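Below, chain A partners chain B and then partners chain C, in two separate complexes.
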Partner chain A sequence: MTDKIKKIRLTDRNVKFLEKVEEISGESITLCDQCGTCSAGCPFVEEMDITPSQLMREVLLGQEEVLRARTTWICASCFTCTVRCPRMLDVSKVAEALRQIGLRQAIDEIDINIIDREEYRKMPTIALVSAYRKLTG
Partner chain B sequence: MKVGVYLCQCGGNISNVVDLDAVEKYMDNGDDIVVIKQSSHMCSGAGQKLITDDIAAQKLDRVVIASCSPQFHEKTFRAALQKAGLNPYLLEIANFREHCSWAHKDKPEDATQKSIDLLNAAIAKARLDYPLEETKMKLGNEVLVIGAGIAGIQAALDLADTGQKVYLVERLPTIGGNMAILTKTFPTEDCASCILSPKMAAAQAHPNITLITDAEIEHILGHRLHFEAIIKVNPRYVKPEIDMDECIGCALCEEACPVETPNYWEQGIVNRKAIYIPAPHAIPYKYLIDPETCLNLNGGSCNACVDVCPQKAMDFDQRPETIKVEVDSIVVATGFDIYDATEKHVFGYGKFENVVNGLEMERIVDHIMEKDPPRQVGKRVAFVQCVGSRDEQIGREYCSRVCCMYSVKLASLLKQAKPGTDIYIFYTDLRAFGKGFEEYYKRAQKMGIKFIRGKPAHFTEDPDTKKVTVLVEDTLSREIIESEFDLVVLAVGLGPNRHSEKVADDLKLARSEDGFLKEAHPKYRPVDTLVEGVFLAGVAQGPKDIPDTVAQASAAAAKVIVALAQKEFSLDPMLAFVHPELCDGCEKCLGVCPVDAIVMNDDDKAGIKETLCIGCGACISSCPTGAIDLNGYTNEQLFAEVEAALKSKKPGERRAIVFGDSGSTYRLADTVGVRKMKYATDSRVLMVPSGCRVTPKLILFALSKGADAVLIGDSPVKGNRFEWAWDFTSANVESAKAKAAEAGIEGERIFSIEFSAGDLAKFIETMNDLSDKMARLEPIPDDKKSSLFDLKR
Partner chain C sequence: MKIPYYPGCTLKTTARNMEISAIESAKILGIEMIELPRWNCCGVVASLTSDDLISHLAPVRNLMRVEEMNEEGLVENEYRMLTLCSMCFNTLRRSNLRMAENPEDLISINDVMYLEKGYDGKTEVIHFFELLDSIGFDKIEEKVKKPLTGLKIAPYYGCMLLRPKEVGIDSPEDPTIIQRFISSIGAEPVPWEAKTICCGSYHTVSNKDIVIKLAYEIITNARKHGAEAIITSCPLCAFNLDDRQKEVREKYLNFEPMPVLYFSQLLALALGLEGETLGLEQNYIDPKPLLKEKGHL
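Moving on, here comes the complex of A and B:
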């Protein structure tokens, strides 16, 4: 539960963000029915801060904070959601798009140099790979 | 021959663009043209009088009118000819308005040239016209209703009450359809069998209804207001009423029979014997033996039922009977099958014993309310919505429309019968759109039934307790719920009944994207099909609840009555015919005709059944000797039209001949004209009944006479009644291309395209591309043209 109700303003900027994610991912996010199939099927959902369907929703609403969601990094592209989504959407592609945008904006959620050992062991492989990748050319 | 030519100014609509004086000057000036007149409105009384007077005074025997598209006033002008005593089919119309003056407003010279070409084509065709007679067919009052669910029963009763003779055919051994399986019905909670049984009984008792149960439609022939159906009636193996030694319903046999098998009307919740009465409210209420499970009928020596039967009513030697009925109209009410949830493995249906579908739950709840439940439900029950609906993974995009409400109903009934039950309904969107539905939904909420917005995606069974754990996101709170249930009910959707396929194929009924039978128009003709005399009722046309089904069934009955009230109808004479002297009896055409209208006569020559032929022309290119032809569009006429339309072509000019099917492409060109949309002026659209009428020879002939390209426009393949026509059109195009290639002519000059009536932009683009293509290609050299020439007509 968040402590305060957030007020969202729907502006051109929100729409631009949605369009950008749609373009990079190739997915029509407005098609999402919010049925929750992806979330309930996702084997990693308990590790996530927002559910996959919520991720879809935040993007639809153009909420750029979604770039900071752990979910994008935890998604392992296992495609469980992809083969189940009744609207044939691919949440993993959306997560990938968000990772790309995040990397380009150099949002440093994880600094591999200062991360502690315990955290390091718990981190999903994909997050590690990406964290290293951003330091290479 | 005396031809009268009338040029309509259309109050300036035509004459302000097309120079009609130039038309008079440069048109075909054969000696047989004895009248050429202009009139401001040919369709007016004065315009028509010109024609009738000239027919009388000048003894005209052909009339050619240059005016608006034939779709507007062909009927008017035909009537004028008839009034003057001339056969109405000695008329041709040149489309000056839609195809010339309106479409090429900005290019009056081109419009005038195109007009002259179209007029010359019409005159050439008119010279070859001959009188045609419309055969009058008497209409009876016999109607075949296929499927005896509530839709079929309601339609049959309405028809029978108004004096029609009805054959009500049902595949299963009792009538009633799926409604006969239901417990109470939403939103009023009337008991289904209590409101259905009286109608079933009335159908059985009605003197105007012949019930034919346990019967399959083997074949249906016919396409307009006359149909023949071959029906196979399965044996019941228990002697029918007419015999003295009939079954008296003592039920001794049922007790004696050693075979136990799931009862369909109980959805397998309860078993029955091999000799059985399907349901307590079955109609006919008679014993029958199920040949699948009866030991005796499967080579065994069991005779238990015969031994105990006081009447010795069993007859194991019965064989299927075939009956033939001839009817004037048909109502297709073949209903639905529920979605087979074993296809979606995640839900565990078929694997986990406590996962059931909605129809099974109908029976379970019914027995719980009757207080003799063969199966308990436990304390915690979950309903899962949209199983087999709204799911593109399995190719079912549509909403099944009844499953939200039937789950609300089953949950409410269960809660009332067992108030201690905890009931959860997991939904994505809850659709409560009908009369009284929202109130019913609210009542269920008030009862404490919990509605949770999310679609479960993970199911596991506890191997010991057999309880089912469900994983679902509550998409409103964003929490993941993991919870154990005693019973999970899958709200399965509705799909077209798989047994309707044969009927739909035989009658050439179109299907919508969702697979249900397609109505003729989604708004104005919701119960009609494109086949005259065939109507749709109930879920066969698309998912709906009982009130909508009944309303549609009564509407279908009313439409049958309207159709039959004509008492008589005339057959369009534009049908195929055979030149017997040319037919050598090869039977090639038989396999081609999509409606089986060609028969071999006693003299081994092909003949056409007028009542069946739809005048598509597919057969014509199939005949190796050219023995088949089509009234109104004979080979000679089409060749003459093409030649005349190309005659004015000057060196350096380009021309395309476009054959437009009357149902779609020709009308599309009209609409483009009506909207005054512009396109390239170098095409000439000639009407054909359907694309497959255009033979390879006709295509090559057009090229040899100066066409730079030939396009065949046909109605779209999908959802079109003449879907098959495309196979012939494509084959003809391919064959023409191959022959053209032999003569060294580029294949890209010949092609076909599908157009639906609303494809305005596509039409314009096609015509413009065609024009560019022709400009790009060198003209066909004369030697190549003449090498096409030896192709005989």
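Moving on, here comes the complex of A and C:
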């Protein structure tokens, strides 16, 4: 059993990554207790590859691979976790910081040009504007 | 009473029916909604980062316009900015809160807007539901000409009216304001669990399967509790719950469609307005058969 446990030794790089996410999000991620309330209430959790509480843990341990998690892009900032966290943490701000780290390197999550023209015409303006703001840099 | 009114992009396009019905209803309630003379995008889905101050420029510029309206005499000592769209409401109120809590941020933003008068922090962002609440739902009830008796309505709050807590218009977990609104127009509010669940929001653009699933779950939950229609004040929720029923029907064969209306359409109907003011032609699932069946059309 023990050989299956992933051993993590924190390096300076890990600590720097945590500090970066804390700086952009403004959240003290080390306060997270891993109680799982955010994951339990998240309406999108079934679509995610890691749960919101796992996301918090990965960030806390400075694991940069969290940037590749589908979870950060599935989070739609509905703030359900925000109003429920017993540690008063805002997971949606952490997800936003992770998205921003990618977007600030000009790596967009969606390509505007591939949206179906028919769909494009009937969609409310607010849908397009909010998607572009959230998913492009 | 004249009140500054911020419409936002979608109320001029796919949610025109929400705007017209709200403006005309407000008139009956003695309120003249004065559109901001020079409004711009609310800055929707305001950045949640601590360092991205520039994204607050758009909302703050709108907040400043309300002060200008007072200075120009378009409204008289009225610093409340009325919103209808839940997303605009949330974005504008969040930015206003950030400016109030961080005066140094406001100084930076005013520096960027150096050609304009600058924002003094006087504006208060309110949603139409809060305006109705401040008038008093008992007073609304007195103005109702055609009570919507026998109509069972599921109040859909979604996210943006309630969360995060510091900008919400009611309790984030157990809100009642839309129930009280429904009762005031003579209809019956249906208690249900999905009233505060996210509809999938902007995922409708590039990941619509998420929205289709959530729309199915939300509407099915409403039906389970006996609702005949859903009301909302968010044009994005309206699209996801109403127009996306096309895809929901294709995916879930047992699914029965349900009309989704803007709250203001039912308010207008109850206040005795009719025809184009109600804008019922713009809804995807036609609400007219239901309203006719109940004797309200």
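Keep this in mind: the second predicted complex is superposed on the first by the 97 of 137 C-alpha atoms of A that agree within 3 Å, B and C clash if a C-alpha of one lies under 4 Å from a C-alpha of the other, contacts with A are read in each partner's own complex, and residues count from 1 in each chain.
To be clear about the criterion, contacts are C-beta pairs under 8 Å (C-beta built on N, C-alpha and C of every residue); 3 or more make two chains touch, one makes a residue touch a chain.
Since the structure is predicted, the reported quantities are computational estimates derived from the model, not experimental observations.
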May I ask you to decide whether A:39 touches chain B, chain C, both, or neither, giving the answer as first, second, both or neither?
-> first
Classify the contacts of A:128 with the two partner chains as first (chain B alone), second (chain C alone), both, or neither.
-> second
Name the contact category of A:83: first (chain B only), second (chain C only), both, or neither.
-> both
Should A:74 be classified as contacting the first partner (chain B), the second (chain C), both, or neither?
-> second
Looking at the overlay, does A:49 come into contact with chain B only (first), chain C only (second), both, or neither?
-> neither
Please work out whether A:19 is in contact with chain B alone, chain C alone, both, or neither, and reply first, second, both or neither.
-> neither
So, A:100: does it touch chain B (first), chain C (second), both, or neither?
-> second
The answer to whether chain B or chain C touches more of chain A is C
Chain A residues contacting chain B in one complex and chain C in the other 83
Within their complex, chain B touches chain A through residues 346, 386, 390-393, 428-429, 453-458, 471-475, 478, 480
In their shared complex, at which residues does chain C touch chain A?
-> 8-10, 13-15, 41, 44-45, 47-52, 55, 85, 87, 159, 162-165, 172-173, 196-198, 200-207, 210, 214, 235-236, 238-239, 243
So, in the complex, the side of chain A touching chain B is made of residues 33-41, 45-46, 50-51, 53-54, 83-88
Can you check the complex and tell me which residues of chain A touch chain C?
-> 23-26, 43-44, 47, 74, 76-80, 82-83, 90, 92-93, 96-97, 100, 109-110, 115, 119, 122-131, 133-135
